[in-house]
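Below you'll find the structure, written out as structure tokens, and then a few comments.
Naming follows writing order (A, B, C and D), and every chain is counted from residue 1.
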Amino acid sequence: MTLLNAKAPYLKKEASVSSMMRDTLIALAFLLILPVVRYGVRPLVMAGMTLLVCALCEIAWSLLQSRSINASDCSSMVTGLVIVLLMPLNAPMWLPCAAAAFAILVAKKPFGSTGHTPFNPAAAGVAFATLLWPQQMFAYFNPSAHEALPAFADCNVGTVPSPAAVLKNGLKPDILPMDMLWGVFAGPVGTTGILVVCACGLYLFLKRTANWEITACCLLGAALMAALWPRIACIPLTSVKYELMSGSLLFCAVFMLTDPVTSPRTWLGRVIYGFFAGVLIMLFRRYGAYEQGAAFAILIANAAVPHINSLVCGDRRWGEELYEE
Amino acid sequence: MTTFAQMMITALLAVTTENILFAGGVGFSHVLRAARRPKTLGVYSLFVALFSLFSAVGGSWISAKLAGSVFRPVLFPSAAAFCAALAYILVALLLKFLPFPFYKQYGQVLAPAAINTVVLSMPFAVNRFSLSPASAVGYALGTGIAFYLAAGFFARAMPELKNDAMPKAFRGLPATLLYIGILSMAFAGLVGTKLF
Amino acid sequence: MRNKGVLLRETGTIFLNGVFYKNPVLVGALGMFPVVFAGDDLKNAAELSLLYFFLSVPLSFFFCLVGEMVPAWIRPGLVLASSAIFYLPAAWLTDKIEPGSIASLGMAASLMICNSMMISRANEYAPTHIGLAVAADALGCSAGFMLVITLTVLIRSFWKTCTDPAGTVSVSLPFFGFLILGFLAALVQGINEKRSQKAGKKKVTRG
Amino acid sequence: MILRHGIKLDQQKTASLRHKIKDLPAPEETEPPKRLPPRKGELNAAAIIAAAQGAGIVDEFDGVPLFQKLKRLRRLKPNMIVACCFDEDPCTTSAMATLRENTNAIISGLVLAAQACGAKENKIAVATRREAKIIHKINSQADLIFAGERYPARLLLKKKLFSSGKNAAYIGAQACAALLAAVDDGDLQTSAVVTVAGDGVEHWRNVRARIGTPLKDLLEFCGVSEKTTLVVTGSSITGKAVTDLNEPVSAATRCVIALKKAPKYREYPCIGCQRCAHACPRGIVPWKVHQELLSAEPDPLRLTNVQKCIRCSACSVACPSGIDLTGAVQKAAHLKKSGDFLDIT
């Protein structure tokens, strides 16, 4: 038997970037089960199309760069799935595909894939879609009306304002906070199943793929803002419950904020980052132009990460020339 | 007390919703120039705040005087620019003859900080948001702070935008422009419509 | 005087650099505000290019003559003052060609006065170069500016067709302009990279 | 959580611990081992050290000859001596097997070592409470301390004892047993217990082999399969790949691992997950060192305490992106030590 010479750690490691991405993918796929059971096969078709577009963008970009195609891990898949889960179910099929293409081709690849993206690609994709197609992004179908949703075609069903929209106009959503838990209310595909999102979040924290402190501090910040300045005239507790469960705050806190590439490096930095993101999300909800301000808030929070890093890490680079001319 | 509170509110607005840097796209060549020299960043934005203060007050005074004339859309900007130029020359004169070597260190920062689109857009912002003189001062200070924050963000992000994992065509300026694009997309979510 | 051929080729390269290879907007990141802010329909683009041309050529010539005599620390103030003065005839001329254009442009036209591209050209380039070079550079820059602003307008109008009725206003927002500028700058940088590699290879094969 | 550095690895120890230590049959023509001359005077420190020197005992804890270590310890006067009967490498079980099989020999050998270097207390370090229960069944009044299962267990134990104010010395399990044999019946250290593990070997065993037997016999004794492409000695994390199999077994080789397929890690860019900083027991931040080396001109002032690295490569194992952080820290230490950066122009 010929023996070859290999480098030091010889044991099979369990945590690698692709295994972390696979965990996130499993957690995201879990979120798809509830809508598929309730509304038919359309979510699966949507997710499939978006993943296909992500893969095509990756291949096109590496062909353009004449670099080997299989160098990519499945982080673009995660971006695609996150974008699909933030879209309404009756959105036209090309909407998540356009957002995913923007996320991969503009927010991820030009900055150097995976390790060097300054912004979370999924957040950039959703922000782009919200800005360019606001009507399609916030037209949620009525879940309790039980209309059949076609698998492929664009469905023209009656749209109903989501609790987040009602909150934005300062009224009290007619659905009680407690039965918002079961997720039978108008909202994006993945964010309505509050219990499922919490379960997937717990799964990610236990497997140490995501850092729990970011999500905890984000929810804390948002709850504090909701309690101190409630948007609707009610006791602070119900305002906190409505704010946390409506819109995509919980989903973004668990899946988009905990992306290790765009979060600070130290524990204290992550606490500050989570709290800052929670407060920003609430500010965007109150003063923003659209009902779902989470994606924009995450972009600004990601821009502040280098600041938090140098603030907390203490590698005082501020003094001398950061970028030689 | 209320004028001070008014000033603070407009300053806060200048940084968030009425941020003419990100939502208006004004003066980013100067933000990048300031970000490339982080040592003089603080003084640069201080000068920007100072000169936008001059032009905001001067602008509202000039628009009051030129209210009647028919050539208002043409005369007003050139008058405002002229007064900004005068302000620069005065400040340059003043600094040159100061005892301690202030000018030698920050001299070459003074010129770009005084003559840029942020300063000249002040009178237009004052008209657009119909600010009272006190809140005009607040707005100018707010814009100075917004400039400082934006330049601080870019000074930190610049080393990250030049790594070698990026394709060669995107290194340096193109990545910075995309970075500005995505960040102003976030602010566009806050404002929603055209600022001016 | 160097012979005519060398002089002509040099001004040619200065002009070409101004237009594409060292385009002040895409490579120098100067004067992005009009492109980003007002670049959403062809009429605006044409008027702004005209205004820039009428404003920058006389300014550059003026400073080509007088630039040496003014001390360095006072020159930026003088540049802004003279640009304010030159703005009046320039605005009058553009208004003559397209009536009502200055009023419709509003802030974009008036902020042309302190356009950082023109200011830096007049402040640093004009005083130290001979008349012909300054003329070529001014023409090159205005042609480059027109190229960039028309490209931005074309891309934006394409995107306007495929967005939501409520989404068209966000296409003309500055963030979209910056994204387009980012990709155009990457295109220019890619071409420059290829040119320098080819030049490098050619030098190696010949040497 | 912040204090307990190091990483948790999935242990593969049960397979080789189930069986007793097997003796590799020595080839026939070797003559029986000679004996030490019987001791004349009474048993004092110098006599113990002379016996250790005579028997040529090599301490497998750090590969230092035992008599040199005892002489140095006698000068340093530690107030505690610890017998390390735990294995930090997930596949190795040689120390635990020796402790399980001759517990009393190790205890009395430890007493002798304590007497040799004048240490007041002597303790046996064991990995987990479960292990301690087994040992207490054999010999109830052995006092034990726990080293835990987080890799690198040795350094974490040293840190724990150092922080509790004890100036401790460390000695290997097989060295204690060999010391007792040398002092009581004067025979030399001729054999060492080696764990043979890895998916290239059919049944994983602890084998007591004579020092100097080539690895080939050891592997054939445990039934090595033809498809093994990689043989590693030392440890599965910081070990050395062996290319020719007639390399001799020394007292310090604790395990031999035969693998069918060398594990290949695809390298991704660093995603900043902070696991390497948590894993490093010496307080180095490996991802910052890696980032600094990648920057245009690495600034040595920013490579904080890089020279304290003990090359346990816990960071390379912890890194999900497969970056060779140990190599990066070594390069940084070399850059910092070599001083070729001092171009103050």
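Couple of notes before you dig in:
As a working rule, contacts are C-beta pairs under 8 Å (C-beta built on N, C-alpha and C of every residue); 3 or more make two chains touch, one makes a residue touch a chain.
Predicted model, so just to flag it, every value in this text is computed and none were measured.
Relative to chain C, the chain whose mean Cα position lies farthest away is D. More inter-chain C-beta contacts link the pair B-C than the other of B-C and A-D.
In this view the innermost chain, defined by its CA centroid being closest to the centroid of all protein CA atoms, is A. Here the spacing of chain B and chain C, counted between their Cα centres, is 21 Å. Taking each chain's centre as the average of its CA atoms, chain A and chain D sit 46 Å apart.
If each chain is reduced to the centroid of its CA atoms, chain A and chain B end up 33 Å from each other. Centroids built from CA atoms put chain D at 69 Å from chain C. Among the residues of chain B, those in touch with two or more other chains are 159, 163, 165, 170, 174-175, 178, 182, 185, 187-188, 192-193. Among all residues of chain A, those that touch two or more other chains are 106, 110, 112-113, 115-116, 131. Across the assembly, chain C contributes 170, 173, 175, 179, 182, 186 as residues in contact with two or more other chains. Interface of chain A with chain B (complex): residues 65, 106-107, 109-113, 115-116, 118-119, 124, 127-128, 130-131, 283-284, 287-290, 293, 295-297, 299-300, 303-304, 306-307, 309-310, 318-323, 325. Residues 26-33, 36-37, 73-74, 76-81, 83-85, 87-88, 91-92, 95, 102-103, 106-107, 109-111, 113-116, 119, 123, 169-170, 172-179, 181-183, 185-187, 189-190, 193 of chain C are the ones touching chain B in the complex. Against chain C, in their complex, chain A makes its touches with residues 106, 110, 131-136.
Chain D meets chain A in the complex at residues 2, 9-10, 90-91, 226-232, 236-239, 241-245, 257, 259, 262-263, 265-266, 268-275, 287-288, 296, 302, 313, 316-318, 320-322, 324, 326. Residues of chain C that touch chain A in their complex: 159, 163-167, 170-171, 173, 175, 179, 182, 186.
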